[in-house]
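Okay, here's the structure, questions in a sec.
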Amino acid sequence: MSAQFTLTVNGLRKAYGDRVVLDADVLALESGRAYALVGPNGSGKSTFLKALSGVIDQTAGSVDVSGDVARDALSVGYMPQKSYVFGFSVLKNVKMALDGMGLSREEADIRAMRALEEVGMAAFADKRGGGLSGGEAQRVALARMLVKDLDVLLLDEPTASMDIAGTLLVEEALARYRERTDCLLVVATHAPSQARRIAPETVMLAAGRVVEFGPTERVLSNPQSEQGREFLSYWAV
Amino acid sequence: MKTNTKFKALLAAVFAAMFALFMVACSNGSGSASSASASASSESASSESASASSAAAIENPVIRISTTTSVNDSGLLPYLQPYFEEATGYQWEITSAGTGAAIKKGETGDADALLVHAKASEEEFIESGYGVERIPFMYNFFVIVGPADDPAGIKDCATAAEAFAKIAESGQVFVSRGDDSGTNKKELQIWEAAGITPEGQDWYVNAGAGMGATLTQAAERQGYTLSDKGTFLANDANKTLTILLGESDDMKNTYSMIAISPDKWPDTNIDGANAFIEWMLGDEASELIANYGVAEYGEPLFYLLDASSSASAASASASASSASSAS
Amino acid sequence: MDELVQAFTLMFTPGSELSQIILLTLQMAAFSTVISTAIGVPLGVLVGLYRFPGKRLVMRILNTLMGLPPVLAGLVVFFILSRSGPLGTLRLLYTLPAMVTAQVVLITPIVCGLSATAISGVAPLVHETAHGMGLSRRRELACLLYECRSQLLSIVFVAFGRSIGEVGAVMLVGGNVQYKTRVMTTAIMLETNMGHFEYAVALGIALLVVSFVINSIALSLQERTSAPEAEGARSHTRGGRLGGERR
């Protein structure tokens, strides 16, 4: 049973010079839940995740933690859109995420192999990271996330380079992981269909602003905002 | 999008600039050539000198003169150049290298005339048929230079060989050209006369360089070296080194001109080479050479050979021109 | 042709002047390369890795220095080491250390600039990835260097090649002194000046052969470079930290 906490986004803003790429006012993300982050290209999804992960510093605003866990005790994993798979072996790529956890070599091997199995990459364990295809690299990068027990997992388009079979396999792995760890998951995706499959709740961004927030089904079938309707019109079947 | 067009504009500007540079370079080349021929023809029209008629018929106005660094470093040729070009309508293209390479350019057909100072090599060159005739026409003296306090005590030596022996004895640094140049050859002759083998000695620095660089090195090391006087006077090394021995009989340095034989290299500009030799032996050049350096150093840097040898030189030039008319 | 054969025979005679020249050349190039790598790579990594005010200016200066004419580098070192220069009392002019110094001045900016470019190419990606995994800064740097290892290795050999083939600076500060500072390039210059063209060509070929051998070694090294052993950085790495902290 993991800790209960809430991440509150308060006027989180990121600007490069005059160009504002993110301006999210108030948003509360609850532990144990999964959120899809949708929106057109350039809507600020990646920036939002980067700011949340701390890889970039916000220009203004904050993300606050409330609940029975200290901010520094939270274990956060962030997988960028172009996650880098290093030139050494795939197994080692996954194992390096376990660095500093004081695991024995055997235990680390076992956990890394299990994570690779989860994403269907066990056969690649001894291959070098340099020669992987885009989809394979993304799965290895995901295994690097799943090998640990995280409190917060932030994924930026984790299946962008995958075919539908790979996508479904990864989504199932994610579901199993959530069942096991009860982590707070935020997945950026450009496809509403994926949002429906993985997350009961959805945040929609447009031009850096939060335009929709609520249960996925309601957001996607009955958007309140004009930007929301416009975005979804492209996906109407 | 905006930055993209900006970048393209920049790229275009760079290309345009390169193209413009290229065009300027081309037009400069042809421009100077045409202006040269123009000046040559105006020369022939206005001038009443004997050279005028020959200038009118100049086929190839460029004379490639290969000389040694010491001649070039002394500044003599650049000083004479405008006078020569005005008088004859020819142009000099001067390249300078060590004597070895300077003579080699004659052998490979890369020069029309030589102006060098290494008697033995010159005679060998003539014997192998590359040159028409060796025409000695001026001389100066080598000098031994060293630190003003003269730690080896060579100041009062009568000959260069004696001075070298003292330097060797004292173990003071001696910087050698080591480049097979006329000066280097002279230096080795002096060592031989002194009965010393300097090669491999601790104090003997083989610089493998031209006169200027060798002097610089000698000044830096506060050592001794053998130099031609002109280069030494023109070099900044004279601030820390002084002439300790000069004008002894075993340090005479004779310069000669050689026209490259058209028998070996039919393409050489033998007419130009002869015009060069003729002018250098003439009154105008003689006066210019005799005065060169007087204003600056209080004494001439070069002396013309006496009348008897210049007479033989004149006959030599006559034979050179007969060789050219034969071809 | 005879001279060419003669030159090559000389080259493989131990104790001959030519083998001494080759040895000295390699010595000089090795020292220059090691020192300029030791200075240039860390500096290049810093420049490539971090954003700081004036970084663009630093990159521009580096790029300018990368094209520094060797003679100019030589001249600067010459003035510093000459009798009347600030370090004249060290009596370093016309010695191997002087040549190495001039080459370090010449090569370090090249090593630095190329390393900075190589590093900055992958640094943002590696940083995002490493941060997302909660890797320590040290471990991230190790991974970054590992990813750039073949580029860095070829930079080292570019430096070596530059050093071994450079003539202007070493001529000025080394003085081309026989047995002391005469290296292959200055020997080629000298032989050319003396009109020994065949000998000069033979030396040139020898220089090329040396370069070829060095480069072959470099390539096989590059192919063999394998993953460094993992050494865990024992710090805060249970996971990444949350961003967006209130400031």
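A, B and C label the chains in the order they appear, each numbered from 1.
Criterion: a contact is a pair of C-beta atoms (placed from the backbone, for glycine too) under 8 Å apart; a residue touches a chain by one contact, two chains touch by 3 or more.
Small disclaimer: the values here were computed from a predicted structure and weren't measured.
If you draw each protein chain as a dot and join the dots that touch, you get a simple line with two loose ends. The busiest chain interface, judged by C-beta pairs in contact, is A-C. Averaging Cα coordinates per chain places chain B and chain C 39 Å apart. The distance from the centre of chain A to the centre of chain C, each centre being the mean of the chain's C-alpha atoms, comes to 43 Å. With centres taken as mean Cα positions, chain B sits 79 Å from chain A.
In chain A, no residue touches at least two other chains. Here chain A touches chain C in the complex through residues 7, 9-10, 12, 50-58, 61-65, 71-72, 74-80, 82-84, 86-89, 92, 95-97, 99-102, 141, 144-145, 148, 150-152, 154, going by the rule given at the top. Interface residues of chain C facing chain B in the complex, by the touch rule stated above, are 82-83, 93-94, 171, 175-180, 182, 186-187, 190, 192-197. Residues of chain B that touch chain C in their complex: 97-98, 100-105, 178-181, 200, 205-210, 213, 217, 219-222, 240. On the side of chain C, the complex with chain A involves touching residues 122, 125-129, 131-136, 139, 143, 146-147, 227, 230, 232-247.
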